[in-house]
Amino acid sequence: MSILVIGLLLGGTYALMAMGLQLQYGVARIMNLANGEILIAGAFTTFWFYAGTKASPLFALLLVVPGAFILNWAIYRMFIFPLVRRAKSQGKLEVDSILATFGISFIAVGILLAIFGGEYLDYSYLAQPVFIFGERYGLNRVVAFLASAVLCAGLYLWLHKTRAGLALRAVSVNPSAAGLVSINVARTSALAFALGGAVTAAGGSLLSMFLTFDASLGVVFTLKALVIVILGGVGDIRGTIVASFILGFAETAVATLIDPGLTLAAAYVLFMIVLLVRPEGLFGRRPA
Amino acid sequence: MRSPGTATALTAAGVTKRFGGLIAVDSMSFELADKEVLGLIGPNGSGKTTMMNLISGALKPTSGEIRLYDDGITGIGASRVAQKGVARTFQLVRMLPAMTMLENVMAGGVFGHARRWGAELEDYARALLRRIGLSHAGDTPVSALTYIDQKRVELARALASDPKILLLDEWLAGLNPTELKIGIALIEQLRAEGCTIIIVEHVMHAIRSLCDRCIVMSSGVKIAEGTPAEVLADHGVIRAYLGDADA
Amino acid sequence: MTDNLKQRPPMLADMAQAVRGQLVVTAAERRNLVISVAIFIAAALVPLIFGGYALQLAISIVMYTALATSWLLFSGPTNYIALSTAAFFGIGMYTVAGGIDLLPYPVLIFGAGVMGAAMATVVGLATLRVSGVYFVIFSLGLAELVRQIMTWLQHVLGTMSGLYVTIDRSETEYYWQLLLLTAAVFLVGWWIGRSRLGFALRIIGNDELVAVHCGINTAIAKVILFIISSAFASVAGALVAPRWGYVEPVVAFSPFVSFQVVIMALLGGTQRLWGPLLGVVPFVLLWELISIEFPSQTTLLLGVCFLLIVYVIPNGLTGIVEDAMAGRTDFRAQLSDAAKRARSVVNDPQANLGKPIREALDQIRANSAELGGTVRDSLRTAIERWNSRNA
């Protein structure tokens, strides 16, 4: 039972980083391998904020979200846009953007190492237990989950109720058709990329409340976010949320019942299953 | 010379294809006889190309069965269907852009129904190019060819696999009157040699002169079947193409 | 219908003919073969001339050439960036480390290839039937995944986390073994290029839909390539295991191996079999420098290298070399074009001569030293006619 609850709490918090990648890959169509590093940067910034001010890490979001938004917008303009312009096909763009974001991820790790060093960072915030169904769980996990739920709900509403959100959803379905109805695809992609980065960083910020981070952990989070996006279906928000819970649960089950060092293996098993059984994911559109 | 054989080359039984809520092909059933030339016509959006894609294996039917000379080919995938002897051309011609004319033809003859290689493959490809009427040097890059010549190369590529059935998907589209004459003569030549062909076309006089039989589709359903003359005079067919006023 | 069956010659004669067909080489190919053999012989002589540090560098170069070229065998034709080299390299090391007390070393080397091929089969069949992006992602985490599983297995089996491989070999022996492996990689690459598989891959690379309709099982073709490429990486790991002596998961499956191999191959150029070699040599030397001068910034500099390659040298060094060579012939074509234009304009009584002729003449004047005979003649004629008209 506790596995279920912890898994759900974890999954709910994972949802943010997966949403971030969903925006970047589903809308801007960039497979951002530096996604994990943005998450780590969010976590580290929150750590630094908490260490410095002792105020609730939730306030760090006020710093992290806009900061990450601007940073990712800059990355898109400086690094991604030239590739979009010179790419002769979607396939070539994918290859180029994978390599470029890969390179950026290394640079990010290098910078993080230089600033924060190579040790593990964590902090203790709201580590008191709270009781759910008779079992004790960390309050920090619950708070992170609730904050994540609020942010996800906000994102969902924005995507479905505003014009800008509509533009984003249109571009994710069919960029050329979106262009034909006078949506500025380039601008929308940049917005999606920047927003995705901000959301991911927020996720990292929340995860830092109960997980321990070091500068090299980025890749693992990138992979988990990808598995969630693929499992849920590229371009579908509901899928991302459902898949986040599935991964959170699977990971917790494996860590508790088999070995805590096999969390990536749990994600990969899910990955394999998706690829073999239903490559378009749970809610994805089956290619004709 | 030629006469439609008695064997059944292709059977489609209750073939249906759904894309979500859209039914593109609705319970199509027909037979294609050996050495017959069958025309598949209908207004735009009637499901003709989807039907071709189902036969060639590019799409999997939602339900129904397709048999090639009594060998089931439903849902086995396009590469296996090609190996069993179904070759096709595409609505918008698809060349292998970085390869030469000869290589494009050879590409069809290695992995498909006929499996040749080396000198034998090259000779066969050259002979095919001559048969199709292309006199360029074999190592001309296909990007340098005119549209009709590219279409011919695509046809040669399809023929290189010694197919049992040839699917021509609007092969005469986009040709000027001179090229059209050459194209129709070419298909007539294939017909005379005894090829079994399904033609999807909009060029009606080609349908009249080339096809033994015709099937008319509209909104995914078969609405008429018979000789070209019969079918093109049918009221339902005219209504499907032109609307009620002209029926 | 059944005609084709009768036309097929008996299977043995078929195979013999296929082999004979493979062995027929054109003059150009023969020249390339001779050059390649000469280079290999020269490379083999290296340990007899150099020793110590230079030989160690040479071993690195040869090992990475084997890895990068075998990487190219798969990632070149398919354009899928495989980030999984370290996973297979590590598997190869572990096959040797784990089995060193049970089986003779040569058997283990072969075994490493088999293990690599087996894992590649599983990974390939799972990931290569869908979009290439998923393959890249899967391969990214593969080394990490295998490392986690290895660590867990050793934990469960109760062995220590590291394994000792104590075989005594000289540096020269390592060099020659790796050189032999590299030769094998090149040979296989050359063979594939002339084979049906190579042709299938070219077709897939041109238009995958057409490839499928020509009867090519594209997934299987890619999986076969992936198996070949990965098996070589595993064998390389097996050959290097005794040199490192102590094998533990963190080191054997270091993702840096994967990333450096990719950089070297991209740096050299992915359009030619000898491309990676061109990237390996400068990069190994550069990395030595970086490891000595900036040991704590290796990650950052690796990222910078990636970005440089994507933005500055997208076609690799072979691209630059070949562009330079093509530039000269291209330029000649341009000039003879200018001559033709000039002549046609001059001969046309209705034409307005001024601008086109002047442009052609300027081009000629700027490059007159480079002209070939006939081009020069026709231009001379054009100039004379123009002069006579405008005298």
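We call the chains A, B and C, going by the order they appear; numbering starts again at 1 in every chain.
In this section, contacts are C-beta pairs under 8 Å (C-beta built on N, C-alpha and C of every residue); 3 or more make two chains touch, one makes a residue touch a chain.
A quick note: this is a predicted structure, and the numbers were derived from the prediction, not measured.
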By number of C-beta pairs in contact, which two chains lead?
A-C
Average the C-alpha coordinates of each chain, average all protein C-alpha coordinates together, and give the chain whose average is closest to the overall one.
C
How many angstrom lie between the CA centroids of subunit B and subunit C, rounded to a whole number?
39
Once you find the CA centre of subunit A and the CA centre of subunit B, what distance in Å lies between them?
48
Where subunit A and subunit C are represented by their mean Cα positions, the distance between them in whole Å:
34
Any chance you could list the residues of subunit A touching two or more other chains?
none
So, in the complex, the side of subunit B touching subunit C is made of residues 56, 58, 69, 77-80, 82-83, 87-88, 90, 94-99, 106-108, 110-114, 117-119, 157, 161-162, 164
Which of the residues in subunit C end up touching subunit A in this complex?
79, 81, 126-127, 129-134, 136-138, 140-141, 144-145, 148-149, 151-152, 155, 255, 259, 266, 296-297, 299-307, 309-311, 314
How about subunit A: which of its residues touch subunit C in the complex?
31, 33, 79, 82-83, 91, 94-96, 98-100, 102-111, 113-114, 219-220, 222-223, 226, 230, 259, 261-262, 264-265, 267-268, 271-272, 275-276, 279
Per the contact definition, I'd like the list of subunit C residues that touch subunit B in the complex.
1, 4, 17-18, 21, 196, 199-200, 202-203, 205-207, 209-218
